Amino acid sequence: MHMADALISPVIGGTMWAAAAGTLAYAARKVQKDGDEQKVPLMGVLGAFVFAAQMINFTIPATGSSGHIGGGVLLAILLGPHAAFLTIASILAVQALFFADGGLLALGCNIFNMGFIPCYLAYPFIYKPLTGNKPTQGRITLASVLTAVIGLQLGAFGVVLETFFSGITALPFSTFFLLMQPIHLAIGLVEGFITAAVISFVYHQAPEILQNTASGQPLGSLSIKKVFTVFLLFALITGGALSWFASSNPDGLEWSVAATTGDEELTAADEVHGFFAELQEKIAILPDYNFKPAVSEPVAAPVESGQPAAWPSVDTGTSLAGLVGSFITLLLAALIGKGLQVAAKRS
Amino acid sequence: MVKLESNWLDLRTLDELALQKTPIHQLGAGTKLGTTLAFIMVIASFSRYEVTGLIPCVFYPIVLITLGRLPYQLLLKRLLLVAPVILFIGLFNPLFDRVPVAAVGPLVVTGGWISFLSISVKLILTITAALILIATTGIHAICSTLYRLGVPQPLVVQILFMYRYIHVLLEEVLKTLQAYQLRSCHNSGIGYQAWGSLLGQLLLRTIARAQRIYQAMLCRGYDGHIILETTAARKKPDLLYFAGWLLFFSLCRLVNLPQWLGTFITGGLP
Amino acid sequence: MSHHTLDITDLSYTYPDGTAALSALSLHIGHGESVAIVGANGSGKTTLLSHLNGVLLPTAGTVNIGGFPVTKQTLPQIRRTVGMVFQNPDDQLFMPTVYEDVAFGPVNMGLPSTDVKARVTAALTTVGALELSDRPPYRLSGGQKRAVAIATVLAMEPAILVMDEPTAALDPWARRQLIELLRTFTHTKIIATHDLDMALDLCERTIVLANGSILKDGPTAEVFRNLPLLAQAHLEQPFSLQNCPLCSKSMGNNTL
């Protein structure tokens, strides 16, 4: 599933953006250094291939339903992790722009969930060791299915974490987890079997293609370690800076910290929360009408109810005024739109 | 394969819309990209219970859609295609967050419904903003701006290269699917017996194509480097546009305009 | 020695999978000649063309272009001399816009930007596609794509033009346009094609390939009147030489 802008906080979105950007820069340098000129057209055309192939419906036997592929594992097998990571990122970017799949702020999250995980986790740690240098039909099938399933489980878990820490939905962590993981087990199995079918076909028809990518990509653990370092470094720096900014504003990170206080990490989270609350009191620039209660009783309420107390008591006056105001604003917007249209036609 | 055809059509339409010459289209790509990102950031930064404060933000898409002469229908269609999954997640809010927070007459509204409404408004605003960006700017201009701003060349080349061949590959996939459907009785999708061979054949043809393109590149002196055109830097109207919207976004974010307006009109009476 | 000549001596090529595609093929093409290469599918046309700009290197024998042998070392020089128009323009037009695509070659040659611009404008003007400059390639018709693909090659100012099936997939009007365009070129032209009428229109000399060797090399008019030869090579007489289906009168002198 694509993360969406509507479900994400600026802190999480920004952090994942920076981490994705850092990793992309690293992967781009790796691909350039690799000096395989042939990869430029190959990456471009394979990206287009996966983009188009994602729209093919595959009938799932005995269910009557159909699924499709994401293609991350397939690209990693054909191109190696760095080039595949760049290719997936480009697919996601075009989808975010043209199809509004995910969104621009959530792009970093999506690149992580659907690019970083299959390319730098699932492929090197599951597919490579399982197939080795002498792939057989059985090994290819087993490895493809396992890689796709585990990759998608991790990706789905990424979605759960990112959504949860963004704190836009009220879904409890465990519920969302139990909702996402089984769905993605099914999706992963479909992805795995389709990938296995394609790789097996290529293995029989044109084995040299798989041979090239298998031998041409030296995959020391060192390179993967570096990727992780780059990713974490960018994530920590940006995440730290952004959450500091966001702490003046009691949504996003702080809310999710408050929400986790129901878990066993109570004391640590409490401290963090207390720190943020204090900080917030000092630099709050938005003592908005609806934030005040959260500021006045920041720690106690969440611990007791497991709910953020971010809303004032029922106040009919504000609600009515807000409603009337919103209605008038929308009317104004429509009028201005119409006016501009008329003006544009005249000019 | 209605889905593939309709997606391709939308892609081409958005691409075509970007060729227009309205005042919005003539602004620099960097300006529009920056404004869009700022807009989405501001939208995302609103509290999860904020609805009325978000409303003035609709001015942004409405003004751009009108001045940029974009068809409402296309944006609405893409919105409807993306919305269900997000709204499904959002619908859990009323289920889990049942604290009553507001009352309109006899109707008591829970926090969950408010936050669900907030997600819906955010969804509409962020999605239209992204579509407006591509429909008024075009992928090529966005990529050259990204390149100018220091995005690594391999990534920019990859996006452009892929976008170029998306059109070729979509056509090829579409033809393959039509050929499959004409000879299969069920229309719902590709049967598992053909999973590997159908996609595999397409893949092998694609790889062969990549090799031919590579040869064509070599014939014209390709040595591993692609030199991209860069666009000119921003001009005065661009700066004004960016600053103007930024000011407006800040105003929307800091002041709940509808609340003020409503209080003014209702005279602060309950 | 002129840049515009081509000498092939005892060229043989065997693909890595063991398929022998060309065997001991020799030919000479002089300055300004216009030569059609015809033959059945799999007769070796494309393999032969691939040797003319070093996409493939000979298994045995030599290919000399303008007096230089085609080897790994001479490839940059060879690729400036020989302009190759591929069969499928989609494979050749890979840049985001028509302008950038035509500029790709000159830019890689290291020309200063004013020269690049002049060359792009000249090449696009020649093929009548200057107004398409800002278009992305996927927004062109088949004929336009073909014209731009030729412009990408012209912009490199090659001495020899090599074309693989230039009229394939063109509608009759676009085909006619293309033939008239090619007629104006003074380059040495080598055209591999199944379009025998075009060969008759444009090329004074025709080489017939069969099973990787030259079956016949001679004046086009003569080759296309040799019906047994054409049958042996899985070819047919060009329509313009056949009897008119309406009045049964022969349009050309096809008596042997």
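By letter and in written order, the chains are A, B and C; residue numbering begins at 1 in each of them.
By definition in this document, a contact is a pair of C-beta atoms (placed from the backbone, for glycine too) under 8 Å apart; a residue touches a chain by one contact, two chains touch by 3 or more.
Here the structure is a predicted model, which means the values were calculated and not measured.
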Note down the smallest number of touching-chain steps it takes to go from chain A to chain C. 2
Which of the two pairs, A-B or B-C, is linked by more C-beta contacts? A-B
Indicate, using Cα centroids, the chain positioned nearest the centre of all protein chains shown. B
Farthest-lying chain, centroid of Cα atoms versus that of chain A: C
What is the distance in Å between the mean C-alpha positions of chain A and chain C? 50
Hey, how far is the Cα centre of chain A from the one of chain B, in Å? 16
With centres defined as the mean C-alpha position, give me the chain B-chain C separation in Å. 44
Per-residue overlap in chain A, given as positions that touch at least 2 other chains: 41, 44
Using the touch definition from the top, which residues of chain C touch two or more other chains? 94
Each of the following residues of chain B touches two or more other chains, namely 160-161, 163-165, 168, 209, 213, 217, 222-223, 226
Across the complex, what residues on chain C touch chain B? 50, 53, 55, 76, 79-80, 83-84, 86, 88, 90-97, 100, 104-105, 107-109, 136-139, 152-153, 156
Considering the complex alone, what residue numbers of chain B touch chain C? 15, 140, 143, 160-161, 163-165, 167-168, 209, 212-213, 215-223, 225-229
What residues of chain A sit close enough to touch chain B in their complex? 1-2, 4-10, 13-14, 24-25, 28-29, 31-32, 35, 37-38, 40-49, 51-53, 55-61, 64, 66, 69, 86-87, 89-91, 93-94, 96-101, 103-105, 163, 167-172, 175-176, 193-194, 196-198, 200-202, 205-206, 209, 246, 249-252, 255, 286, 288-291, 307, 310-312, 314-326, 328-330, 333-334, 336-337, 340-341, 344
